[in-house]
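To start, I am sharing the structure in question, which I have written as C-alpha cells.
For clarity, chains are labelled A, B and C in written order, and residue numbers in each chain start from 1.
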Amino acid sequence: MSLPLYALQQLINALSVGSLYALMAAGLAMVFGILGLINFAHGDMMMIAAYIAAFSLIAGIPLPIALVLMVVGTIIVAVLMERIAYRPLRTAPAVATLLTSFAVGQILQNGALLTSRFAQQPLQIAFPPIDFLRGVVLAGALTIPKVNLVSLGLGLVLLLLLTLFVTRTTLGLSMRAAAEDIQAAQLMGIDTNRVIVTAFVIGAILASAAGLLYAVQAGTVNPDMGFSPVLKAFIAAVIGGFGSIAGAVVGGYALGLLEVLLVAIPGLGDILPAATTSPEVITFFKTYLPSTLTSYRDAFVFAALILLLLVRPGGILGTVDNDNTR
Amino acid sequence: MNTKMQRNGFLVVLGATLILLVGLSSSGSSFWQGIFINLGMYIILVVALNLSNGFTGVFSLGHIGFMALGAYISAILTLPLDKKASYLPDLPGWLAPVHLDMMIGPFPLGFLLATLIAGVLVTLIAVVVGLVLMRLSGHFVAVATLGFLVIVRVVLINADEFTRGSHTFSNVTAYTDLWWVYAWVFIALIAVWRLKFSSYGRAMFAQRDDGIAAQSVGIVIMRPRLLAFAVSAFFTAVAGALWAHYLTSFSPKAFYFDLTFRVITMLVVGGMGSVTGSVVGPAVITAIAEALRRLEDVTLLYGVSQIVLAVLFIVIIVFRPGGLMGEREINFAGLWQRLRFRASVAQEGSAAEP
Amino acid sequence: MLQIDHIDVYYGKIQTLKDVSLRVDDGELVTLIGSNGAGKSTTLRTISGLLRPKQGSITYNGQRIDHLKPHEVVRLGVVHCPEGRRLFGHLSVGENLRLGAVTQTDSAEIERTRGEVYELFPKLKERNNQLAATLSGGEQQMLAIGRALMSRPKLLLLDEPSLGLAPLLVEALFAIIRQIKARGVTILLVEQNAWLALEVADRGYVMETGKIILADSAAALRTNPQVEEAYLGGGA
C-alpha cells in the first residue's frame, strides 16, 4: 500500500473511532457541565443500549423497531438513574456523586448479567449481524468496513443535530446557561430539573447510538463493555476542557486520531517503500517503535491524560472557566 | 487513669481477637478460616485506603494497582528455582536466580522478605506517582488514579516475561495463613491509628478540611498527602503479597475495578477517617456479601449480591454520608468501664441469688 | 403586593435573617439599605426562592410563595436581578435576552419586549451578537437588567445594581431605574449607595445584622440623623 493511501485509510479509522468517543464525550460533558457530576455510569448506558438491541434482534424483532426500543429503553434507564440516584445528591461532595455513579454502573452491569441468565444467554452475547452494516466498501485501492463509514456518518449527523439543539432552541440555550451558572438560570425562570433530565435524555440517545456501533464493530456485547469507552470519553472531555460540549466533541476526534497514530506510526516500518526509504529510517521504526508498543496504547493514552490534567486542567482548548472545571 | 482504662480496654479487645484466632485455627474449619483470612486482607486494604482517601481527602481509585504490583512482585520473588526456570523462562538474568523460598524451621523467612521488598518497591513507585497525582484535587484525582490502575493493568498484561501476561500466574506457595494475615492487620491498624493521632495525621486532616489551601497545592499540602499515599501504598502492596500467597494463582483480571469498588464500599460504609470504621466496614460487607453469596448459590441469581451491595452503598451515601463510624473511633476506656460495671452487676446478682 | 411576615432564614446553622417583615405595594419603589452582610441580599434570595425561610411567610398578591421553587416564582412575575450581574458569559447578548424571556410563550410579545429593552439600552442592540463576557462593566449591568425585564416582571428585585460602576454610569443607571418604575414595574431595590437609593425610592427599610431596624418614607429616612450618621456619611 502506498503511503498516502495508508494515511487515508488510517484517517478514516481515526474519524470513525473518534465519532464514537465524541458521541460519548458529549453526553458526559453535558451532565458534568450542569451538575459537576462525572457520570461513569454513562458507559453502562451504552452497554444497556447494546443489550436491548441484541436481545430485541435475537428475539426476531425487526431492526427499526429494535432501534426504537433501544433508544427508548436507554432513555428510561437514564431518567431513572438521575431521579433515584443523582437527584438526592445534588449538594453532596463531588467524590460522593462520582462513587455513586460507579454503584449505579455496578447495578446496571449486574442487571444485564441477570437478564442474560434469565434469557438463557451466555455472559458474552454474539451481536446479531445487521445486514446493511456488514461487509466493506471498495473505493479504489481502499477497503473500508461499512460500519466505520456508518459510525463516521451517524456520529457527524447526531453531533450536528446536537449543535443545532444547543444553539437554536430555548431548551438548548437553557442547558448551556445552567452549565454556566445554575442559580442564575433558575432566576431566569428556567426549571433546572427539566434541563438536567434533558441532558440525561440526550446523553442516552447519543450513548445508544455509540453502543449500537460499538457492538456491531466488536461483534459481541458483555456487561463491562462500557468501562473502557467511558474512560476514553472522559479523556476526550478533558482534552476539550471539561464541561464544554463542543470541546468534548473535538476532544473525541483528537483522541481517535491519537490512538490511531499510536498504532499507525509503528506500522510505518512495514509499509514504507524499501526502495526509496533509507534503511536507517526503516530500522528506526522497527527497533524504536516496534509494533509491540501498540499493545501499550492505553497506557500511553492514560499517562497523557494524567499529564494533561496536571498541566492544563482547563483542557487543550481551554475554553472553560476554572470554576467550572473544579 | 483514663489512659490506663484505655489500655485495659485495648487489651481486652486484643485478647478477645487472639482467643478468636486460636479458636479458628484449632477448629480446623477451612470455611471459617477462609472467611477470616479474606476479612483480614480486606481490613488491611481498607485501612490503608482510609489513610489516603479518608485522612487526606485525596480520593484514589488506583490503589488496587499497588496491590497488583505487590502481589506480582512478591510472587515472582518467592517462586522456587525449579518452577521459575520452567514457568518464567524469559526472566532477565539478574532476576532469574532469585528465590526467596527459604525457611527458618517452620517460619518462611523468604516470604517475609519478599513481602517487605514488594512493599518497599511499591512505596517508591507510589512516591514517584504521588509527586504527580497529589497535585490534583477533587474528582480529577479520582479519575487520574483510575488512569493509573489502567496503566498498571496494561503493563501487567504486556510484561509477559515477568507476569505471563493475561494468563494465570500460578504455582505460588501458599504461605499465607490466619496468623500471617492478622499479624499484618495488627501492624497496619496500629500504624494508621498512631499516624491519625500524630502531628502528621493532624496535618493530613487539616489540609483536607481547608478547601482553599487544597486548591493551591503547596509544600504544606504536598507533604502530608505524599506521606499518607506512600504509607498507604506500602500496606496495600503487603495485602497484595498476602493475597497472592493465599490464592496461589491469579491474573491481572483479579486486580481491577470490581475489587476497587468492593474496597471502596467497605471504606465508605465503615466511615472515611475512622480506623475503627476500617474494621467495621469490611466486617459488615463481608458478612452481607457472604450471606448473599449463599443466596446466589441457592437461587442461581448470580449478580444479585453485587446489586444489593451497590444499592446499600448508594443508600449509605445518601442518608449517612459519614458511614457507620464517621470519623469516630472505638472508645477503649468506655468499653473497659462498661465491662467492669457489668462484671460487678453480675457479681452482685449472683451474690443476691442464693 | 408583596408581604413578608416575620421570616427567619438560616445558612446552614447560622441565622442570617431574624424576624424580618416588610411590605411592597403596587407601583412602589422600595429600597432596602444597610451595610455589608446586613442580610439585604439574603432577603431578596429568600423572596426569589433560592432560600427557604424557617419561620414566617411570604405572600405575593395574596398567594403564599415561600414554598415555591425559583422558576415558579419567576412565572408569577417576581424577577430577581442578582448581585454581580451573573450573566451567561459564553452566550451572546441576544441569547442572554432570550433566556430572560424563557417563561414567556408568545413570540410576538417577546419580540415587542425585546424592542422595549433595546429602546431602553440601545447599546445592547449594537452588541446583540457579542458574547456577554466581552461587554464592559456598565454594559453588563444594562444587560443584566434588560434580561430581567425580558420576562415582563411585575415586581423587580434589584440587587446592588450600582456595584463596581463609575459614578457617571451610576447616575445613568438610576435614571433608568426611574424609567422602569414609570412603566409601572414595582421595584424592591437593594443598595449600598443609600443616598441615591433614597432619592429614587418612595419608602425604605434599614437593615442591620439580619434585622430591620428602621422603616419609613424615603424622605424621612434621608433626614433621619441615625441613617445620616451610619449610611449617608453625614449628609454626603
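Here is the rule we use: a residue touches a chain if its C-beta (ideal position, glycine included) is under 8 Å from a C-beta of that chain, and two chains touch if they have at least 3 such contacts.
In this text the structure is predicted, and so the values were computed from the model without any measurement.
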Subject >> Chain closest to the middle, measuring from C-alpha centroids that were averaged per chain >> reply: A
Subject >> Which two chains share the largest set of C-beta contact pairs >> reply: A-B
**OP:** Compare the CA centroid of chain C with every other chain's and tell me the farthest one.
**Re:** B
**OP:** Express in whole angstrom the distance between the two chain centres, defined as the mean CA positions of chain A and chain C.
**Re:** 44
**OP:** Can you check how far apart chain B and chain C are, centre to centre, with Cα atoms defining each centre and the answer in Å?
**Re:** 56
Original post:
Could you state the distance in Å from the CA-based centre of chain A to that of chain B?
Top reply: 34
Original post:
Which positions of chain A touch chain C when the two form their complex?
Top reply: 170, 173-174, 176-177, 180-181, 183-192, 319, 321
Original post:
Tell me, which parts of chain B touch chain A in their complex?
Top reply: 59, 132-133, 135-140, 142-144, 146-148, 150-151, 154-155, 157-158, 215, 257, 261, 264-265, 268, 300-304, 306-307, 309-311, 313-314, 317-318, 321
Original post:
Within the complex, which stretch of chain A touches chain B?
Top reply: 38, 85, 88-89, 92, 94-96, 98-100, 102-104, 106-107, 109-111, 113-114, 117, 224, 227, 231, 234, 238, 292, 295-296, 298-299, 302-303, 305-307, 309-310, 313, 326
**OP:** Going by the contact rule at the top, pick out the chain C residues touching chain A in the complex.
**Re:** 48-50, 69-71, 74-75, 79-82, 86-91, 95, 98-100, 102-103, 147, 151
